[in-house]
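A, B, C, D, E, F, G and H label the chains in the order they appear, each numbered from 1.
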Amino acid sequence: EYANIDYEREERTGVPEVIYCAGKTAGQVRGIVQNMREHGQKHILGTRCSREKYEAAREVCPELEYDEMSQIMVYQPEPFPLNRGKILVACAGTSDLPVAREAAQTARFLGNEVEEVCDVGVAGIHRLFARLDIIESASVIVAVAGMEGALASVIGGLTDKPVIAVPTSVGYGANLGGMTALLAMLNSCASGTSVVNIDNGFGAGYMAHSINCLTGKREEDK
Amino acid sequence: EYANIDYEREERTGVPEVIYCAGKTAGQVRGIVQNMREHGQKHILGTRCSREKYEAAREVCPELEYDEMSQIMVYQPEPFPLNRGKILVACAGTSDLPVAREAAQTARFLGNEVEEVCDVGVAGIHRLFARLDIIESASVIVAVAGMEGALASVIGGLTDKPVIAVPTSVGYGANLGGMTALLAMLNSCASGTSVVNIDNGFGAGYMAHSINCLTGKREEDK
Amino acid sequence: EYANIDYEREERTGVPEVIYCAGKTAGQVRGIVQNMREHGQKHILGTRCSREKYEAAREVCPELEYDEMSQIMVYQPEPFPLNRGKILVACAGTSDLPVAREAAQTARFLGNEVEEVCDVGVAGIHRLFARLDIIESASVIVAVAGMEGALASVIGGLTDKPVIAVPTSVGYGANLGGMTALLAMLNSCASGTSVVNIDNGFGAGYMAHSINCLTGKREEDK
Amino acid sequence: EYANIDYEREERTGVPEVIYCAGKTAGQVRGIVQNMREHGQKHILGTRCSREKYEAAREVCPELEYDEMSQIMVYQPEPFPLNRGKILVACAGTSDLPVAREAAQTARFLGNEVEEVCDVGVAGIHRLFARLDIIESASVIVAVAGMEGALASVIGGLTDKPVIAVPTSVGYGANLGGMTALLAMLNSCASGTSVVNIDNGFGAGYMAHSINCLTGKREEDK
Amino acid sequence: EYANIDYEREERTGVPEVIYCAGKTAGQVRGIVQNMREHGQKHILGTRCSREKYEAAREVCPELEYDEMSQIMVYQPEPFPLNRGKILVACAGTSDLPVAREAAQTARFLGNEVEEVCDVGVAGIHRLFARLDIIESASVIVAVAGMEGALASVIGGLTDKPVIAVPTSVGYGANLGGMTALLAMLNSCASGTSVVNIDNGFGAGYMAHSINCLTGKREEDK
Amino acid sequence: EYANIDYEREERTGVPEVIYCAGKTAGQVRGIVQNMREHGQKHILGTRCSREKYEAAREVCPELEYDEMSQIMVYQPEPFPLNRGKILVACAGTSDLPVAREAAQTARFLGNEVEEVCDVGVAGIHRLFARLDIIESASVIVAVAGMEGALASVIGGLTDKPVIAVPTSVGYGANLGGMTALLAMLNSCASGTSVVNIDNGFGAGYMAHSINCLTGKREEDK
Amino acid sequence: EYANIDYEREERTGVPEVIYCAGKTAGQVRGIVQNMREHGQKHILGTRCSREKYEAAREVCPELEYDEMSQIMVYQPEPFPLNRGKILVACAGTSDLPVAREAAQTARFLGNEVEEVCDVGVAGIHRLFARLDIIESASVIVAVAGMEGALASVIGGLTDKPVIAVPTSVGYGANLGGMTALLAMLNSCASGTSVVNIDNGFGAGYMAHSINCLTGKREEDK
Amino acid sequence: EYANIDYEREERTGVPEVIYCAGKTAGQVRGIVQNMREHGQKHILGTRCSREKYEAAREVCPELEYDEMSQIMVYQPEPFPLNRGKILVACAGTSDLPVAREAAQTARFLGNEVEEVCDVGVAGIHRLFARLDIIESASVIVAVAGMEGALASVIGGLTDKPVIAVPTSVGYGANLGGMTALLAMLNSCASGTSVVNIDNGFGAGYMAHSINCLTGKREEDK
């Protein structure tokens, strides 16, 4: 009675309903996983999932796997087919890593090859230039940064690929909990950039996947 | 001396530097157009261009064309090759039309087939459902809305295609000049949505193009 | 000396003073309940009441009942007469449930038949359309949603009944603790909607009751 | 092509689509009026309508009437049936009058008896108490106030009827264009109050009507 | 070395430097009290003082007294002479009491007769009218309220005495931590009102004293 | 019908209702003045009054006088009795002068001796120290400043008299239309300061008068 | 009487009082210039000066010179001695030019060699790298940028020289009138950067001068 | 893999990469220190470092020293050469001390003589005037203040040296977590002031050093 799972979503949008665990009790998360299994869902993704909620869910679905850094749990006996294009997730600093990883893990779950590049913020811009080849080879780029969020603009100015900018709440004071990076990214002077909510690695990974789908499936290559 | 045009941008990102006319005098706009012509640029796009600035620019480039509603001027003797996928631009109300048209014209200039659907806001949601087929046939969707910006979420929930949400400043009072629609779109409960700046039709059209490029060029079909 | 209870309020507005427990100590809550009992009050409603405060109050009023999810405690040996119309409380997601329940429990206490519909957010809008009949049969609708709060607009566009929109603080980042949903609901493009404070389930339930009173009392039917 | 009129809205919600003229050109307003007449619509209401736009519309619909203060134009050969209950519109100061009138005219158009009380702000609270009888006799109350918006709370504490609070942008400095009154009204310590957007007289009048409908139609009395 | 006490302040402004304990360690508070005693200061007032910090200070100044509700500690072997006028501290709700008490205790320490009236918020305005005589007899009024802060306006409209308005952080959601009450009070339509910081009972008590000094000292009466 | 003048206000608060002309048409201002004269009011004060509105009012009350800089009009054949204390109005820069003058003229109208000191901002603090004698001799001080508003704190630290701080909208960018000065003044580290709305010279002059009344009337001296 | 010029400022801070013309009438500007001439001031700088105010001032000081783009007027028969170091003013886009020029002209007036580099925003970052030698040769750098203001971070990461960041109001929507660039610059991940107010070219030029003074005077070289 | 240390930064900017420990685990901090030692880095500075993280790092670098108040850890067997000029760090109140100390320790680490003056806020301005000689003798001044942040303006008005203003989060209510002091400092009416992020003692110390470098190295004196 506390949930009303959208079983048709996979059909409608290609992706099953994802469990956003942050606002739910451990009991509710377990209940939803059980319910999804009982309805024969083959793909389960839980985000913002504490280890304790994961443990609760594993009681009814022992095959669930868990990634500490991204707080993501996954059940996927038959993975989705791989998209042809590659996704790059770049992050500005060590503290942005959990958000970047959430994006990467989400995209991987949905059927994408994902490369991660960490700690390439603009305070030492040569570190980014040393990775230009990876930028070139990706179909879509996710740029994760807190503080002033300049990474998205700099990457946006270097490439013709779509860039998904993810502001993070990393920083203090006038970072306003991430609003500063968010606003900066929305005002990027580089074209071909769009933005998701603060710390929303999940949303960025999903959007990147949804774009990458346009490159077709790898298996269709053959 | 007032401009430093980035002639390598077309090579680097596939798109030439675009002239944002709002912050420039008519004289500066004309000067930049002249300079670009002298450097042999084959594609000129000017946005936020008043008729008066357009007239000034036409003195040095008589082939420039102008679209009143979107405030866009274009010079393009040899159009860009067409992308295979189609872009849909949907807008919530009549007052959102100038922003929607800016997105559509930008994407057309860059080499995309664009369909426009107007006045399908959620206050009469059946008007949107009557167009589900167009949504299905597009590769990328641009959703333009002011006030509470709910159109983006509703479209996002109906499709598996990437949605670029464009908040507009349409409304008054607690719309906060568009910030309300912007914030709402960033919090969309529908996945596969990312957001550009308020009234930034250009940015949305550009992003949609950059995504649509992943579908390949039509001429390559043959 | 810390409280100055408004014993005439039931006469003036039809409803006794309600105890907002959040800002009071357990001792103060108990003292107020005791005082109200001593003044012969027949209806006691306490909101935002932790279990600990409820336990304290039960020492002086053992008949008090408690609902965990809505954090509401109630003493009501002789219920208020029932209003003729029905109230519908609809909520967007599982995490909005405590606020929705607070609205429902408040309205029930005041003498209303209340129906609850949960997890019908616009990311899967068919779940809402499946309940159109309940919407039709209600006199007043309370729409509870966090994130971008689009549920209120969508319901508002589907019905001619007054809609009370309740923004919740569910979400993160640019949800600004619920301000985003609040602002969005205030800008609803659907008419016939008005808004209460963030997470204010009590206020919505009260307002819905106050509107529903216009339908008359059921006992007067006969 | 710039509008997509929702002709089924009257059937769905009892009220035809209303023309919000502020964001439209005079030509667009005239075009929409003409289109509505051609579709046989018997009720036309235009809000935020400058005299110039009204004049344009009158060219295609000479029976249109105009009220300067509320900026409302109306065409209604066959008025809607009257609701049984009465609506009171109270405003705090002379400068709030245009918003109050917009609420009153909207409610009258939709089929309600409306009483107006002006300049009863809390700086001279006896002026309000002198009108308690009118408050008593209404079914719904619209309270319009700028600056600190305290009128809504004071009325809310005096009555058991639903109160629709309308903040106005009247004031300066820390009134923040009406946000202060809006926020204050949302935090009203008096229950039974809900709020619409700043300066949104139309929305308040509409909501009041939608509530007042629950009192039944007068003609049904007989 | 962590403090630089302003020993001349009593001479300059009639009041010694007050210890704001919130930002200091227990050790620092004790050190400052000791230092003041060693310099022969006869009046010590500490605000925002937790019981733990008070205990630390009492080690070096056993005569210090403590008031739990207002979090104030006081050492004053020879009280200041009494001002002739009386100060009234009125508060809207039970939860505003700590702030009101801080104002009252500060004013008492500085040499004023203070009357306190609690829980007279505008939701039950007759409770305020029942105290009009106390309002009449005061020289200065401190009005303490959270939520929409309307109490200050209502009192301001009823009296010709200066009103010091103190917004509190009591409330939730769109109360914005007290900013809503603060803004509302600054926009009061009643003249003769000025405002101090959110929850700043100390500042209000001090300002009321500084105004009340203009009535002269009682001892001078004779 | 557009105004509801509070004729009892002079009796209740010692001051007649003041006409805030900004939100009224020239016709309404004239009508209110006429009405007040017809009711025998002996004191008329109009603030925020453009010359054009003044001219309209003079048609029905030729004795009205006008001060350009403060935008104040006054009719006062029999001035109020003078308060014993003196009021000082100090302003930080030349651009703050209109607000400072509004405060001074309001206080003079209400029966106070007022001294004005201009352009003593903290960038050249010796200019303020050169006037310490005037500060000493006043009963109440009004401190008017824009930008960072530091003048209020500096004066507050130098005197034991109550200080009314008036933030102005003077400045640009991060002055946020005066909000910065307002917030700074509310956080003044100097005690004995309270604050009125941005640019509210009227409110400050009124508050200063209301405080200065506590010094008694001069005529009573004899 | 409207100004109180700080004639000792040149002695105290090495720089005479600067006339901020924006908040003053043409008559006041002329009066201040005349007064300064009469007091024998040898250096006059007026900022935010419209051509019309300049013309008024020239009536009393014909040697005044005017620069249209920066809106600066200057009188300086005997220039200040030159500082040894060089100042670089870099700006991101053509629309930032007026602010950049205000910084440059201010610094030149105060005795500095200034180099200007325009239109080197991060959307085409190679344009900045092409000027690394000029960055190397400067003692202080002023970085002027609107929108997301990333230029300051990128320059800061490339140099060991102090960087003064000037946010501009260039942009629209979520640029919030320059607040976005301001906040972004304050959160710069590159060290050695500090920030002045939005559009405050004057303040940046002054700060750069004040820093550059530490390099000593050129004439002292010999 | 979680860090990508910028070993060339010392060469590029004269200062090695600094470890911002707040967003990192104790394990990550230890790993980075170890890595830097292995790369032969001779200067290690860690800021926002809890004692627990320091202990972890000391396991791999026993020579690390720790300062509790500033939360700074330092490893520096061979200190940087001293700059000729002196830096003054002045702070307004005892609670601002940790931020002031962070600035002082950072500047000392980078090779500067630093003087500290504490508790000289403007509420007792004579305390500041008593230190004018120290202000005179410094090359650069760091002014640290919370609440209304007026200290920066007052110092700025007294000196011709560059002032780095550091707003702190000290205060409550309308201090908005330090935003008020930040905004006030950005609007300082005293020229020669620029601002860093809230509580950013590190940034201020770094900027002061970067400015002080222009005075040359002491060893070069000989």
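Keep in mind that, in the parts below, a residue touches a chain if its C-beta (ideal position, glycine included) is under 8 Å from a C-beta of that chain, and two chains touch if they have at least 3 such contacts.
Note that the structure is predicted; figures quoted are calculated from it, not measured.
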Original post:
Starting at chain A, how many touch steps does it take at minimum to reach chain G?
Top reply: 1
Original post:
By label order, what chains touch chain C and chain H together?
Top reply: A, E
**OP:** Sharing over half of the contact pairs with A-G by residue number is what counts; pick that pair out of E-F, B-C or A-B.
**Re:** B-C
**OP:** Just give me the whole-number Å value for how far the CA centre of chain B lies from that of chain D.
**Re:** 36
Subject >> Chain centre separation in whole Å, for chain G relative to chain D (CA means) >> reply: 51
**OP:** List, in ascending order, every residue of chain G touching at least 2 other chains.
**Re:** 93, 123-124, 157-158, 173-175, 179, 182, 186-187, 191, 197
**OP:** Let me know each pair of chains that touch one another.
**Re:** A-B, A-C, A-G, A-H, B-C, B-D, B-G, C-D, C-E, D-E, D-F, E-F, E-H, F-G, F-H, G-H
Subject >> List of chain H residues in touch with chain E within their complex >> reply: 93-95, 97, 118-120, 123-124, 126-127, 170, 172-175
Subject >> Touching residues (chain side chain F, partner chain H) in the complex >> reply: 92-93, 121-125, 147-150, 153-154, 156-158, 171, 173-176, 179-181, 183-191
Original post:
What part of chain C is in contact with chain D in the complex they form?
Top reply: 12-15, 18, 85, 139-140, 157-162, 164, 182, 186-187, 191-197, 202-204, 206-207, 210-215
Subject >> Touching residues on chain F, where the partner in the complex is chain D >> reply: 1-6, 8-9, 17, 20, 22-24, 28, 167, 169, 177-179, 182, 197-200
